[in-house]
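Listed below are the structures to be examined.
In the two assemblies presented below, subunit A is common to both, partnered first by subunit B and then by subunit C.
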Partner chain A sequence: MNQTNTTNESKKSPGFWRHAWLRFRRKKLSMCALIVVLCLSLIAVCSPMIAGTKPIVCKYKGNLYFPCMAYFNPDWENPIFQKDRFRKRYPKNLKEKDPESWAIWPLIFQDPYRPVRDNEWGDRPGNPFNGGKPSSLNLFGTSKGKDVLAMMVHGTRIALLVGFVSTGIAAAIGIVVGAIAGYFGGWIDIIISRIIELVMCIPSIVLILALIAVIEKPTIWHMMAILGFTSWTGMARLTRAEFLKLKESEFVAAARSIGAGPFRIMFRHILPNSLAPVMVPIVFGIAAAIKVEAGLSLLGFGAPPPNPSWGTILNAGMTNYTEWWQIVFPGIAIFITILAYNLIGEGLQEATDPRLADPKD
Partner chain B sequence: MVGYLIRRVLLGLLTLLLITMVIYALIRAMPGNPLATDAAMMNPENMPSEEDIQRMQAAYGLDKSIPEAYIHWLTNMVRGDFGSSFAEKKPVLDVIGSRVTNTLLLTVPSLILAYLLAIPIGLFSTWRSGKADERLVGVGLYMLYAIPSFIAALFLQLLFAVKLDGTAFELPLMGIRSDEYETLTSTQKAWDWLKHMILPVISFTYVSLAYYSRFIKANMEEVVRQDYIRTAKAKGLGPLRIMIHHAFRNTLIPFVTLLGLSLPALLGGAIILEQIFNWPGMGQLYFRSILTRDYPVIMGLTFALSVLTLLGQLLADMLYAFVDPRISYK
Partner chain C sequence: MTNSLRISFLFLSLTILIVTTGCSSDDTVSPDNGTSTTANTNNTDAAGPVTEGAATESVEYKFGDLVPEFTPPTLEEIEAIEAWTDKPVVDVYQLMEQRKENEVAMMTAAEVLAIRNNTPEDNDKIVSAMGTLAVDGDVDYSAEWNRHTAGDIKSTNPLMSSSTAEFDVSGLLNMSLFTFDWNFTPYGNSAAITSWKTSSDGLMDLITVRDDLTWSDGTPLTAFDVEFSYKVILTSAIPIPAVRSGTDQLKGVKAYNENTLVIFHNEPLATNIWNMLFPIIPKHKYESTIADDPTLATSPEHVELDENPVTAGAYTIEKRVRGQEIIVKRRDSYFMHNGEQVRRKPHFETVRFKIIENPNTALLAMKKGDLEEMMLTPEQWQSQTNDDDFYKFNTKSYALEWVYYYFGWNFRSPYFKDKRVRQAMSYAFNHQELLEKHRFGMDEASTGIFHRTSPWAPPEAPAAYQQDLDKAEDLLADAGWEDTDGDGILDNFVDLDVDFDGISEGRQRMPFEFTILTSNRPDRIAICELLQENLDQIGIRCNVKPVEFTALQDTMLEHKFHAVFAGWGTGADPDTSENLWTTKAIDNGRNYGCYSNPEIDKLFEQGKRELDIEKRRKVYQQIHLTLWEDQPYTWLYFRNAYYAFNKELRGYNYSPRGPYNYGPGESTIFKPAAMQ
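And then the complex of A and B:
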């Protein structure tokens, strides 16, 4: 019995997404881009372990602590360090207050939010405030005393978050709105299509600037929401077109004949079949969101400092062009990230386009 | 055709009404008001009295509720009165008018340059498709496409205004003219204009250049597979003639829609680029008027840009019917 089961499964022809993945894997450039994005994600997740002034793990007064988690959320720093008046200076305080203590430090002892002072780490000199050229202590130089490399490592987290969250919001709105318009048709479609046209007519940067100005203290999360709420129109139009086409097909009629409700048909039957063409603009949307966030931060309209977004470093660089390292390094980082997402999007487009399918597989 | 046009125009007017309504509600919802951002008002020695503030609010129409003020703006606008700028104390049309030429000075040359360069590059890429030199051009364009224009602008500034400072290739960092502009002779003045234009125009051009040439190539690839191209080849026509007379003319249809859609960018310029180059154009005006809460200017610019966007879409559809006889609007 078991035997037949396995043979049956091995004979089953691969599904659409498996096919797409097989075709995607053959594109060397797109695979390289995917690896780049995975590396960036790894840097983002491990950012406090790569650059920071708080130990990854430390044993203090008999207990184990993970102070570096404070970079993800300030509340995750154990209150004992506040009570013992560490004032964010770990190396000296650990030794003074508990000679038995030990700690594992991040790879780079630099902080994205503040300059490292003299003698903070052994007898190492502090960061220069002005004209901090790239050196062995500050590989990418300093920006107003803060280490640019540390800011960029932590900025990776912001860039990826902005890309995923804002595009996720946009995709959710776009797909639901487009699905409703395409499936129900009639006057619902007319109204939704008018709304989409209306939003498309407003220059997006103006809408974004106006929305940010409305919020009194914008944080990075507000930015993501605004970017999401202003970039869903393209996906809505695509989803609508796909739904208009697919709702006439036999499998929808079959689902309806066995009594499936409209929302079940829309999201269980039509959506999985229309996902491929919608996936491509989602990937390109991530690149666009990262670009817009960098541009807004460059204008000084982004999340307020101290947030180490790549665009914020550019903004600091614009005040003093002789400190080229504040422009060149974040600029290259933005370029590589956008290029990687564009290449993935292109690979996905070719891999999921049935017209380009190889008849052999 | 006329019926279709009338329907489009009416629909456009409705869209316009909704856009201005949304933007008006948004800018009035922003915290702070134009009086609070005016530097003169912040002087502690000369604080305006409560009555003065109320008088000024009445003069600016800030005492009205949002719907009331919107209708007030709308009725004035229909009569051609866009109000006057709070910050510059001049009519909005004058404020915008003084900046239109500056923006056109950047966008028109860059649009022409982009088209002039994109067409040969696109044709070249189709002609040499798959060869090493075409791949090189393709990869180069792809890389350019991934650099946001503002980063390219910053890199260009670093290279030409900082690194090459003092050499023959030195170009001004920002601004529209040099400090000693008034003392220059007319040829020197022209050279000064040109020098200040080079970097912004390049930054404006290259993104659309990369996009347009890839667009042309993609469309050409589709056309060169058609039967009539094979027929032309069979007749013994040269590759150049086939490329231009038979293939390229058929890719013009999607190309003209692009032309219509680039109309709003012509006036809108780019807020970020004008800010980087400190170029006194419309984009910078938009940015500043949002910062200073200059409601009449924001509304005037939004109105102008929305009209252009709608006109551009209409133009694209009209041109579509014009170049493709299979399409007709009834």
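And then the complex of A and C:
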């Protein structure tokens, strides 16, 4: 916006975000981290196609079906398979019940929710139940018979979802509340600031543990919501500070002078200019949310079973330290993901801070 | 000798234990929360069905206010009665010696300590050789025994015991008038009494207390202490967490002089003996202070008495470091009286209970030799105790324990009222995979409430269920469960009961989707996930919800669940199961699933009153079979007792309640003198 310096009058100066992106791109570590997160997102979106026991696409009795969608939502599995007594075992039943059928299978025939049994796929042996070391069939070993790799692939979905959703909720609340407090000031600011302090006092882990015990059917969404509703305070404070600063600036005065309403000024004029410093805690917030989810799952209060969250695999590994693969692989995954988010956050911070900008730009 | 030790009062009549989170190393949660193999029905501090515990704050103190109105006959009247039946008063240690004479150990202890426990045959050898009792002069009486306990004790007062650790410790500190052996046959304890007679009408038990009993402060222990303890237990203002139930079934307890004690009953029941097993506290210490502090825990005198209790048993408290250890020391005045040895000398000079909550940490301490005994989890048995590190100081063995695990179906849930549905659940579950994979092929399938080797089990045990999805689907279809709306989930018209109060709120078509509760442990969650997978295969959605133990306990007591995965241990008497299955136990017991069958109610009443052992057996066999037919539970497996012992320890024998909770139990364990 209007913060960029122009060194050459003849060339159109890049906008603030474009500028930030140019600077961000020069930070190798942060770019790597961004690529890692994009890859993880891709894995999360494609998880049923990477690891699963349900065909990606199959033709059965003349119709096309996508049974693998059941990994996203069990209701998306066509009931015809239930009616035909498939009993969730596709490979042999497909051939048996319709010799004409064909199917495209996921890359890895392993299920995140259950062990693959003997002879499910041709005459392939089932997963070893105890002490299932990494092998050619179970690249990352097994945890109580379930393939750790499949669990981790599907666990990516939970990890990223928790990060995005809970931070999204937190950001939405934090920005709106902070904007109102900062823009209006006065007693509104005083009240909101006290509310922020009040919410900061609530320990979210204790709250989650209490709510999980109360809710009849806790899902991962409940946890995301609680995390989101308790972690917006930092962003609210930052937004408030930015608004306090910017509401005194000339462009706000200009907007006000031509009759713009307070909400138009807040969200059309001030917010885009105050977003940069708020973006940074959002990215760090994603990392923190992933960490909290893994921690809760490690304690056994995270994603309800059989959701294969990374922390849940750690939890299973905790009782048996000889099965190192249940600790090492999910541990690495959590480490890399959080590191990646933190690196992105750091890069973003440096890229959006004009004081750190290279004067040559 | 110390046959009275821990046996003392652990075994009240309602001794059913709950293993929902179990105890010690079997579970990761602290046993303070859970009850255990030694625990009595009401043993959960948070959630005893008889809510005497916390609810007594506001009750006005009146000593013995719960003692029934009853005027006992005079001593002359009692002496005038001639028709008394003598009951056995034995030294259970001697009974064990007699049993051991008939069993020849396959190998010597030294030989089996060189082998590893890899096969059932190895285990038989180790169990038989290590169970060999001490020969005279072979015992190192100055030895110390480092025992494992997974949680600290709250009190040393035996009346206040409610957790495993408390029963373990106070077992060493106390004396009991009665005991029972590994077959759960009750006896008078010869260390405490000289004779025990029952009147011909079965309403009176006349007990002669020995005159050489002393408290650890030197004061003689008399029948008056017993009567006093009874009245303390039956004082509503005193928060007794566990031991009141059972004791409150007595009509009265009267001490006529130092040695003569008569216990009165309301009815001549087969279960009367189990009600008489209450603990004894010193009258001379508590008599004057109890009125000022009915909690027995806050006044300076009581705090001091809790720190340094005056004990009746073989040991006294030497030292207590909160959260770390409890050390008990043998007292000479227990077995010596006026310069003569009058009772068996306990084998250990000190017993040290080390408090280690985490089973992995405990196992590491075991491998270092810091612990000399611990209960192993099946995972530890299977994969963490086969290395040289473990066998350097230890050996391990297992034995069958009558602790069964089950899926309990709630009859107030709209889904499980129908017997066919419950049977379908049993057919749907993959029992074979459970036993072979989850239980490592070491545990036995459970085919009902009694183990097949129990005298109360039917001679022909019912055949265990095997997975049969077709049959499960057929049974469900019979019961009306079909996928009518084509969403892949079975549905049916059911009686709604959202708040689980047993009152229907109308009929509605509902999909078959329910939540099963379990305690928060990976192995238990994995078993529930297997059920989830199996049910998913036939179009039933089952959600698994792991719950922290106390919350689980509360939910179950309120009957607010559809299904639960949990376990029960065994009481000494089959009547203890009454608390799980009768209609009255829905509100006042642990009939969590609200099973109600008039026939079962009648049979339990009959079993209580039947004094002829053969006829009594028939009654419980009938109960077993009726319950199996109804499948209020899907019975899964019996959990073995897996234990690690230091190589220096000898003389441990297993009962269906593990190596300790029976007579003589741990009192036969010793360290040989030669090891020094």
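Here is the rule we use: the second predicted complex is superposed on the first by the 338 of 361 C-alpha atoms of A that agree within 3 Å, B and C clash if a C-alpha of one lies under 4 Å from a C-alpha of the other, contacts with A are read in each partner's own complex, and residues count from 1 in each chain.
Just so it is clear, a contact is a pair of C-beta atoms (placed from the backbone, for glycine too) under 8 Å apart; a residue touches a chain by one contact, two chains touch by 3 or more.
It should be emphasised that the depicted structure is a prediction, and the values quoted were computed from it without experimental measurement.
Visitor: Taking the superposition on A as described, I'd like to know which of subunit B and subunit C A:Leu298 touches: first, second, both or neither.
Guide: After superposition on chain A, A:Leu298 lies in contact with subunit B alone.
Visitor: Please work out whether A:Pro281 is in contact with subunit B alone, subunit C alone, both, or neither, and reply first, second, both or neither.
Guide: After superposition on chain A, A:Pro281 lies in contact with neither partner.
Visitor: Classify the contacts of A:Gly178 with the two partner chains as first (subunit B alone), second (subunit C alone), both, or neither.
Guide: neither
Visitor: For A:Asn342, is the partner it touches subunit B (first), subunit C (second), both, or none of the two (neither)?
Guide: The first partner, subunit B, only.
Visitor: Between subunit B (first) and subunit C (second), which, if any, makes contact with A:Lys144: first, second, both or neither?
Guide: A:Lys144 contacts subunit C only, not subunit B.
Visitor: Is A:Gly132 in contact with subunit B, with subunit C, with both, or with neither (first, second, both, neither)?
Guide: In the superposition, A:Gly132 contacts neither subunit B nor subunit C.
Visitor: Considering only the touch criterion stated at the top, classify A:Val206 as touching first (subunit B), second (subunit C), both, or neither.
Guide: first
Visitor: In the overlaid three-chain picture, which partner chain does A:Glu77 touch, first (subunit B) or second (subunit C), both, or neither?
Guide: second
Visitor: Figure out whether A:Thr319 sits in contact with subunit B (first) or subunit C (second), or with both, or with neither.
Guide: second
Visitor: State which residues of subunit A lie in both footprints, the one left by subunit B and the one left by subunit C.
Guide: Residues 209, 213, 216, 318, 321-322, which sit in both footprints.
Visitor: With touch defined as at the start, can you tell me which subunit C residues reach subunit A in the complex?
Guide: 28, 359-360, 377, 379, 382-384, 437-438, 440, 469, 473, 483, 486-488, 515, 520-523, 525-526, 528-530, 532-533, 536-539, 541, 543-548, 551
Visitor: Taking the touch rule as given, give the residues of subunit A at its contact with subunit B in the complex, in rising order.
Guide: Within the complex, subunit A contacts subunit B at residues 194, 197-198, 201-203, 205-207, 209-211, 213-214, 216, 287, 291, 294-295, 298-299, 314, 317-318, 321-322, 324, 327-328, 331, 334-335, 338-339, 342.
Visitor: Under the definition above, what is the set of subunit A residues touching subunit C in their complex?
Guide: Subunit A residues touching subunit C: 74-75, 77-79, 81-83, 85, 87-89, 113-115, 129-131, 144-145, 209, 213, 216-218, 300-301, 304-306, 315-316, 318-323.
Visitor: Please name which positions on subunit B make contact with subunit A in the complex.
Guide: Answer in residue numbers: 15, 18-19, 22-23, 26-27, 29-31, 142-143, 145-148, 150-151, 154-155, 157-158, 161-163, 173, 264, 268, 271-272, 275-276, 286-287, 290, 298, 302, 305-306, 309-310.
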